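Every chain is named by a letter (A, B, C, D, E and F) in the order it is written, and numbering of its residues begins at 1.
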Amino acid sequence: MYELGVVYRSIARADGQVADKLGEYGSATVHEAMGRTGLMKPYMRPVYPRAQASGTAVTVLLQPGDNWMMHVVAEQIRPGDIVVAAVTADCTDGYFGDLLATSFQARGAKALIIDGGVRDVRVLEQMRFPVWSKAISAKGTIKATLGSVNIPVVCAGALVNPGDVVVADDDGVVIVPAATAAQTLDKAAAREANEVQKRAKLASGVLGLDMYQMREPLQRAGLRYID
Amino acid sequence: MYELGVVYRSIARADGQVADKLGEYGSATVHEAMGRTGLMKPYMRPVYPRAQASGTAVTVLLQPGDNWMMHVVAEQIRPGDIVVAAVTADCTDGYFGDLLATSFQARGAKALIIDGGVRDVRVLEQMRFPVWSKAISAKGTIKATLGSVNIPVVCAGALVNPGDVVVADDDGVVIVPAATAAQTLDKAAAREANEVQKRAKLASGVLGLDMYQMREPLQRAGLRYID
Amino acid sequence: MYELGVVYRSIARADGQVADKLGEYGSATVHEAMGRTGLMKPYMRPVYPRAQASGTAVTVLLQPGDNWMMHVVAEQIRPGDIVVAAVTADCTDGYFGDLLATSFQARGAKALIIDGGVRDVRVLEQMRFPVWSKAISAKGTIKATLGSVNIPVVCAGALVNPGDVVVADDDGVVIVPAATAAQTLDKAAAREANEVQKRAKLASGVLGLDMYQMREPLQRAGLRYID
Amino acid sequence: MYELGVVYRSIARADGQVADKLGEYGSATVHEAMGRTGLMKPYMRPVYPRAQASGTAVTVLLQPGDNWMMHVVAEQIRPGDIVVAAVTADCTDGYFGDLLATSFQARGAKALIIDGGVRDVRVLEQMRFPVWSKAISAKGTIKATLGSVNIPVVCAGALVNPGDVVVADDDGVVIVPAATAAQTLDKAAAREANEVQKRAKLASGVLGLDMYQMREPLQRAGLRYID
Amino acid sequence: MYELGVVYRSIARADGQVADKLGEYGSATVHEAMGRTGLMKPYMRPVYPRAQASGTAVTVLLQPGDNWMMHVVAEQIRPGDIVVAAVTADCTDGYFGDLLATSFQARGAKALIIDGGVRDVRVLEQMRFPVWSKAISAKGTIKATLGSVNIPVVCAGALVNPGDVVVADDDGVVIVPAATAAQTLDKAAAREANEVQKRAKLASGVLGLDMYQMREPLQRAGLRYID
Amino acid sequence: MYELGVVYRSIARADGQVADKLGEYGSATVHEAMGRTGLMKPYMRPVYPRAQASGTAVTVLLQPGDNWMMHVVAEQIRPGDIVVAAVTADCTDGYFGDLLATSFQARGAKALIIDGGVRDVRVLEQMRFPVWSKAISAKGTIKATLGSVNIPVVCAGALVNPGDVVVADDDGVVIVPAATAAQTLDKAAAREANEVQKRAKLASGVLGLDMYQMREPLQRAGLRYID
């Protein structure tokens, strides 16, 4: 499935401003705007609370217990990028720590998304370099086998193409294809505008049953009330 | 097992003051006072640290990936209630977010306990609307299939009848049947009073071995000390 | 595998100052200094954020759902010790709460590492008594069956001999055999000194590819760059 | 939640013939006939392939790592019963082996459903005594703490009242309340009759799309075909 | 990420004879021939022992707890196809049973690969219709929400394009892109030819250490022998 | 914790006849004879049904995704040995397949116990070479990093010293230290002799309540019968 041992240097990144704005709407709204697709598995969690990031994906494929390609992907980072790291097999080793975070941050990376483990999380929080990962583990890795950089990867159940928009926060990680990022932004904006009004109504005590006119379809579906 | 498509409007709630006081003792003490039963599975975790809540249960049965009945249960909430949501199959989707939280809070709900996923956790913390859940996920849900409201449900391994007392904190979620809530409160109070003294003794360096007079039964059970 | 019903009172503890210094380097550095061995499974997590501890191991073997031996081990604690609790079968019950923490702390224990559950985590944080555990659960335990104290135990996948050094923080829990603690400290110090320089270089934008001279071995392994 | 230390000797069992017939339809059909409720979690698996059983539930509540009550429940078994064992906390210990199976079989039990572990599975298969369990484990248990017999229990996520019908096979374990067993049998029979015709049509190449007249609702929902 | 509500009728299938031959080599050999990529997660297991299948992928994207699209994909099956079903969220419901199996088999499908649950496994074995799934569950599903047919899907961690070759057996499920299927077949054949000789040597007592000439590199890596 | 890069050639094996006889009693009886210790985690399962083996342990420590040391351990196998393979981190890769099985079998190995994955399970069954593993996976491994052979290892939660007795069957894997193997055999024999009588009594309808004289202690513990 994967092309191994290759680094693509030229990738078509989504518009950075679109990525920034999608981040403001958050993963839940963006995920809805995409028709409820594009979400990574919920086991992907931020390594410190209230982390938030959005940017353009630079992808890397790692081998289990081997972080050699993390150094290769570092060179391909441009300011505004988020590194998305997939692994060819399940492995919770700590592929990434404070040294690589220093390097990634120096290159302009905004975050790391990794379907594996990371370490030095106390320092990562101090550096404000956010990471979403499957695990936290002090276990180090070797540098022996090639993977690839900037190929399409499957990370935590989501397909990520280099250049796609990544939106990550407390609720999870969503991938927006570069080609539909602008259109998704419009939908997210419309959705959000709509929600402001709804929130005010609900806060005043109006029920969703009435606001969304659900009483009639619920009755039609057979819902019975018993006193 | 479950009666589907039905909403019970009249339920016998446990005494709200008893629920409040049980909350002050916390889930660990209440669980002990019940003979070590009534606890939900430990995978139920608060979505933000140090959340605490107690109240009377309003129950809702959801279908996987479908939050239609959350709007139906909102109407049945009275001040002091905690919504307990069970799902007919394992599913980590985000059934609940900031809009429903706004509605629940406006109706007087004190918390949500859900054997599924929730989203917008950053906003939930800002609103101080505590939720105990199995997962956090940006994944939205549909509104297509009926469940029920205020029927007995099994939530995270515990049987919950509408009106039961719910005690939730960092240590987990305990369900106290309405019929035995007052009696459980007495036992919890006795237990707690007892613990204050014990804590002081242990802090002064007295060993549990001596305080609980365990040396003799341990010896009888065959414990050997080797220098 | 285990000798049951026995308490060893005389154990050879590693040097407490070495344990303190190893703690300053942290679990990730110490784990590397040991050739990437000695780490417990990554499911072992601190019950409150940013907990850190190092000390000498006092071990206890528990039976599932039974914390009787926790009172027995309390008597064997000396200032600077960390209690390491293994269980003969997987069980998430809450074997340890604020009373035992009070007792352990009064005896001079610095932390608890337990391959099971704990409770009263809010109070544990207030007491600043750190615990690394597999689970948090309000579920209490009985006192009916003997285990042992200060025998070698397997805890979360790691072999722990009484007297070994325990280093625990956000990244995990590492066990350093008493016999090699001093030597491991030297290696950790060398490693850390080395990292300060590396960090500065990486922060200035130098790539790991160049700093570690990886370009040539990567090319030899067949890595291809495509524009 | 649970009443501890009590054995109910008189329970109202569902009709044994109804239980037998429900078993012939199998868990999937019965589960559908109940409106898709009553199913235990799918981690409950038969300990040998192609096991099948149905009968009336005799319930037992066990404490973790303790099988004392298994001997108490043995006395309450009548021919045609299936023992349903719940545990107050997650535990994979082997609570049941060839000796208890011999005893249960001698009393007329048809099967065991246990939300825990069992052992001697080779002998269980030779005896043709089917068990559905969460785990297989050689780990033995103690006899120290009381549970209860013939109280309502939550087993693998399903509420089981003594006397309910249990239907278990390769597809899982379904609980049918005694009160609705006859009615569920009628629905299952109707469903099955209906399926015979459908199967023949589908085998002849007719599509479900046409047989269930789905083309029009799919089109209305917006399904588009692209060549 | 996913285009919803769409059915692609024209897909470019890999050569059926190549698919057949790849199946003869088995998933482990094919996976190696692809540079150790393309394997689904190991939680995908056959529902009956010793199942084997290979064919060309017809893909379907399902919504959690909803098998409506299974009827839509049935129409797109051609003899020699294997249906690969992904779900937009984790869900163990039984999306597929004997009726759909009858329909799929009548259309010429050779197997089903599904990142969810199935039921009627006894009948599936009798029909010799093999299925690889994440779970077995009697839990039925609804028909309410659109997914898609013959779009690229991520199934159990692997990217599957319609027309790709699927190789499935006891060891797992491997996806071979249509474009590289012939080339992968050559590599698998070469590998297999090579293994026949190796097997004979090893059976005669020759060590891999000598056959693969590992002694020298092991020594260079620092391996020490101690008597 | 682990000494890396070393192969111990001289190990003290337990008596092979004792190992054979312990195997006849099975893992459950042996585990009981050891005071209910020495059992590996229940996730260790035979790769084909009804596998049974006992022998003397030859240990190997592997690195994640790397099976280089499997070739090194092959040379240390003597007839009657069972290879016990631990991994320094959780990894489900397939470290072992038909070629290595051929080699191990040629050297006289009776089985493999591995806290990781294996492949070619169809062939393993045909060869009657039993394996107990954590996973089955077609995923291959590399040969890049040293582990060790015949050092003490922790495998699936159990400490295994080279030369210990391994007893494995459907119920799990038990490790008996070489030093206490003969004594454990005596206890297992006594236990088994005892069980034959018990089984006959229970088969005749005598209750465990009476046979074990449990009625009085149950009453003392407070058990109440309600009609």
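FYI, a contact is a pair of C-beta atoms (placed from the backbone, for glycine too) under 8 Å apart; a residue touches a chain by one contact, two chains touch by 3 or more.
Just so we're clear, the structure is a prediction, and the values are computed from it rather than from any experiment.
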item: Each chain counted as touching chain B and chain F at once; value: A, C, D, E
item: Minimal step count in the chain contact network, chain B to chain E; value: 1
item: Listed chain pair A-E, B-E or B-C that repeats interface A-B [over half of contact pairs the same by residue number]; value: B-C
item: Selected pair, greater C-beta contact count between A-E and D-E; value: D-E
item: Interface residue overlap between copies chain B and chain C, same or different (over half shared); value: different
item: Distance from chain F to chain E - Cα centre to Cα centre, in angstrom; value: 31
item: Whole-Å gap separating chain A and chain F, where each centre is the average of the chain's CA atoms; value: 42
item: Whole-Å separation of chain centres (CA-atom averages), chain C against chain F; value: 27
item: Between chain D and chain C, distance of the C-alpha-averaged centres to the nearest whole Å; value: 42
item: Chain D residues counted as touching two or more neighbouring chains; value: 36, 39, 49, 88-90, 92, 137, 139, 145
item: Graph class of chain-chain contacts, one of line, ring, star, complete, other; value: other
item: Chain B - residues contacting chain E, complex; value: 63-66, 88-93, 137, 139, 142, 144-145
item: Complex contact set, residues of chain F against chain C; value: 1-2, 4, 34-39, 41-42, 88-90, 152, 154, 157-159, 175, 177
item: Chain F-touching residues of chain E, taken from the complex the two chains share; value: 26-28, 31-32, 36, 39, 42, 45, 49-50, 169-172, 174, 195, 198-199, 202-205, 207-209, 212, 214, 218, 221-227
item: Chain F contact footprint on chain D (complex, rising order); value: 5-10, 49, 68, 70-72, 74-75, 92, 94, 97-100, 102-103, 105-107, 117, 119-122, 135-140, 143, 145-146
